[in-house]
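Shared chain: chain A. Partners: chain B in the first complex, chain C in the second.
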Partner chain A sequence: MSDLDFALEPTLESVVLHDSLKWVFVGGKGGVGKTTTSCSVAIQLAMAHPAEEFLLISTDPAHNLSDAFNQKFGKDAKKVDGLANLSCMEIDPESGMADMALQAQSQFNNDPNDPLGGMFKDMTGSIPGIDEALSFMEVLKHIKTQTAAPGAIADVAAITYKTIIFDTAPTGHTLRFLQLPSTLEKLLGKVQTLSNKFAPMLSMLGGGAAQQQQTQEMLAKLTEIQSQVTEANNQFQNPELTTFVPVCIAEFLSLYETERLIQELISYNMDVTSIVVNQLLFADSTEDECKRCVARWAMQKKYLSQMDELYEDYHLVKMPLLGKEVRGLANLKKFSKYLLTPYDPVVNGGLVFDLEDAK
Partner chain B sequence: MSASPLTSADKARVLRERRAAKMALGTDRLQKILNDGGSLKVAKPVIEAKSVAEAPVAVATGSAHDFHDDPETSDISGHTKPSDTELMNQLLGSVGSAPASAASDDAFLGLFGNNPEMAKFFSADADGTGAGGLFSSFMNPQTDETPIDPSVSEEERAYQQQLTAFHKYNLTRYLCVFDIAKTVLLVLMFGWYFFTTDAPFASSHRHVRFLTDAPKAPQVDTLHTFHRWFLMFELAVQSTLYIALSSKFDSDSYQSDSYLMKGLNFAKGLGFLKPTLVQKLFSVVKYQVILKSFMADVAVLVVLLGLWSGFSGL
Partner chain C sequence: MQSYTLVITVLFLLLAQLAVKLVTKDTIQKKLWAQYVRFSPSSQLKTYQAKAAEIAHVVKEKNAISPQDHYARWTKLNRQFDKLTKEKAELESELATRQAQFAKYVSYAITASITAPLWFFRYQYRKQVFFYIERGVFPAWIDWCLALPFMATGCVGLTIWSAVVKAVLGQIEVMVRFMLSEEVQKPVKVAKVEEVK
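Showing the complex of A and B:
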């Protein structure tokens, strides 16, 4: 066996035990178990590095983190009960836009009854991509925290998280989110170029020193955002800092979409090293009396063998379909263990019916 | 003697290169999945072929590649990893120089909620050297209207520009010759009419003529008659001009230079005018060459009448 024939373990050890990872995206088609997997990854990361802080953000407009942990989360990071170094956040576009409108109002027009404020909120709340934009703004905030000098951040509650895990929306939304850094960088570059061209004309048109100062502040802010966006772009394309974990099931459509997803991620220079195949039945005919499960397992095995061929250079993690919902910290801990240790249906088969009832 | 074992960083790098090399097969892999799944669909490429080919790894080329085979080995000893700047340029296209890739244009489309007018507004390079668009025509109103195709080389572009300039020169020369000929005919017609008519400025009403020195005959040729001659002349001349322009020249070449057309396009792009109204205005504006020619003849006529009245002492 030559040095180039690597045996890749079917686990997520390369993700959980990786020292330098800052961003972990978990995504895939709807209903494959993204939230369960992202929660499991976050839990394992938190348990592997108890001295570090981790943050799990849901960018899916149909948030599920609260249901997964049986605990209410909101737009502000909140610690998970029972796991002190893991926090969760569900980004809410409506309140995010309300905050922005409030900020803009206080800066430019202090009239709380300004009808334009309400119109702004109504309009922007329905813009396609607004969820992704707000999630990305959260990313920029954390980049700012990470790159700022100690003590430079005014917000004393700002925490520097070792790794931020994203429970992403179904594939299309996520790809749009991942395009944002490149798109924004180009857009901001053009805005800068235009502002440089028009600055002399604008100053000629007058508006006074206060107006010019406001313009200067706005341009300075744009420059700052541009550098943060560039930094985000660089980090997302650095395999030492960012990885994407696609989640799929052993079915035709899921396999096809996963392949398309990975091809598109690679075109964005985003690193993909591991794939999670979820909801596997492991129903061997000799041991299982359920004919449906046996038939379905036979179908899954066909696609699994295809995946073994297609993804021989990836860590292909095979996770079982359990008898109950994987909800609550205790159940998630039991389930997430098999992200690091390959699931053996013979040895670990007891897990299928070992979960606590969801409350 | 075996080579020294690879470090984990080397292993990771080799694995990344393998993955990228296999993913470069792109549509083939997708088609295999579809065939194995018994689907009737034909796989569409996820990304443009050129952006896959630009990936900084050795790509399996040439004949059909079976998934069961190992990827073709390539000598990576001399291969250098592209710099961050090169990777960024591959992903984005440089601002202000290389044209945007289809992927980033689509991203613009997505960013603006699939509004193609807004995406076009921003996807044009502000310096006008990228893909053409509304914004580039606003920034550089003097430059050629023809949008620049990013797949066209510099030489081709220069050739196209020279060809366009040549067409414009031809059109200008044609219009000049036509205008000169038309003006000469108009002057001759004017001269023939006024030198052969007894009282060219007489009233067409007989009872008014009785009050003056004008001929008292029941019917005389007057200015009213000349106007009819003039209108018939214009009808013939302008129709000839329109037919000649339509047959000899592409309508874009004698319409696209118009600031009026550019202004209407820009107003439409910004949403100041409805597209249906702009289309109606276009259908009027496209006859502007004819209108200009007619107005020029009217101006010549006014000058001639003024000169005649001055010299004839009316």
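Showing the complex of A and C:
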């Protein structure tokens, strides 16, 4: 009897070849290889569907996507050199906040000498969770584009992406970000109820037609945001549309954090079917001369066997630790291949020292 | 009722009142609730106790193994622990309403058995004389005060007597609390440290 018959294949094929997926989140504790994995997933998706467009978004202010591809990206989507159907976007929460603050201020008070000028920016910049809110605004924009009927999109330049891959923040705020849709939904619902209750009273207090019109516009905007948020919520909880890929390494703390992450995701009804275990040494004592590598590999194997037992309902993808950092499109392509075909240290061992130098 | 019977009954009631004050109503309610939970035939309570016992068992098992060496088993126990804790918390919130009701009944019982009889006696035997004071022992105005509210001057009734007993018991309470409180250490004079030049 072999449980291998029932074991799920250790690849991300279920993600890459899943035709209906719209959102792929890649997350995990810092330093486990999230960015490398998210770039790899994006590349494999783009290569598997050359006729479709894909977008990779990162909210890490450390510009990790630019480093990973050795190419400068900004807050507007820009195509990757060498891969025409993959675009990258790095949302910088600080500059996003600055833009929003300027916009809000120009609405309220155009006077450049206003002593309260900087107040709005200071106030909003320190709100906890503001970076998650900003990346979520970006998500809403794309939902708007993607759910609109073809031909109805006013902005001709807006591209409809088949799948959007999120390289989530390493600080663990990902979970708060995922909670945002349901939190916002409740919040907006309450605001709506309250405004309906107080609208007659407010109109009685006066302020004239202009004020009333402004209020009406604000309420209409809120209603629009609310419907988008509800849509986001529904999409994130639909396993046909969204999946989360946790990345970890074969060490106790990383596994413990991954377990906590998976349990929280399950409580949010978010689909998790694959786990990527990164930075594996594959240093068998017979072939490897490095005693340290052999010792650490023994430790990693111990945790891997425990993971096989614990996550038998998940695709456990095992990725190797290479001799250099995986940077640049060529290297990422070489590395990402093993997300779809399991890495064999005997056959594919040459990859460890085969990476090209960054140009 | 005979005066001496009443005096002793009221004395015991006042002592009981002091005891409730010292132990606090909250503690009495909690202890009675714990006993009720133990012996009650209610299925909800039995489920709650079973859950608490199961959690204790899982925690014991978890602490007995090393998470690094038996990661899979430890994580499965952890998952079980989280699930049971969540279920226990749900049961607890349901039971909290029952507990609040139980606490209310206990409070009623204490009032009915101690406070109510005291008030009843004060009303029923408001004109009954308990003690007589010999003329001349105290000034006349003190005799008059001690006769309040319904007595003839020179007599002492239940109201004044129970007030005096309560005051005495209050002082005894202060002394008992002081004796049972922690001893405060005498402050030690700190030696002056000479500056190193």
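Rule of thumb we're sticking to: the second predicted complex is superposed on the first by the 332 of 359 C-alpha atoms of A that agree within 3 Å, B and C clash if a C-alpha of one lies under 4 Å from a C-alpha of the other, contacts with A are read in each partner's own complex, and residues count from 1 in each chain.
To be clear about the criterion, a contact is a pair of C-beta atoms (placed from the backbone, for glycine too) under 8 Å apart; a residue touches a chain by one contact, two chains touch by 3 or more.
Just so it is clear, the model here is predicted, and its values are computed rather than measured.
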| item | value |
| --- | --- |
| Combined model on chain A where chain B meets chain C, clash or fit | clash |
| Touching partner for A:Ile266 - first (chain B), second (chain C), both, neither | first |
| First (chain B), second (chain C), both or neither touched by A:Leu310 | both |
| Contacts of A:Gln237 with chain B and chain C, given as first, second, both or neither | first |
| If touched residues of chain A are counted for chain B and for chain C, the larger one | B |
| Partner chain in contact with A:Leu255 - chain B first, chain C second, else both or neither | both |
| Chain B clash site on chain C (candidates 5-13, 23-31 or 77-85) | 77-85 |
| Footprint overlap on chain A, comparing chain B with chain C | 252, 255-256, 259, 263, 306, 309-310 |
| Residues on chain C engaged by chain A in the complex (per definition of touch) | 67-68, 70-72, 75-76, 78-79, 82 |
| Residues on chain A engaged by chain C in the complex (per definition of touch) | 252, 255-256, 259, 263, 303, 306-307, 309-310 |
| Of chain A, residues touching chain B in the complex | 3-4, 6, 8, 127-129, 176, 179-180, 182-183, 185-187, 189-190, 193-194, 197, 233-234, 237, 239, 252, 255-256, 259-260, 262-264, 266-269, 271-273, 306, 309-310, 313-314 |
| Chain A contact footprint on chain B (complex, rising order) | 2-3, 5-6, 11-12, 14-16, 18-20, 22-23, 26, 29-30, 33-34, 36-37, 39, 46-47, 51-52, 55, 67-68, 84, 87-88, 91-93, 95-96, 100, 103-104, 107-108, 110-111, 113-114, 122, 125-127, 139 |
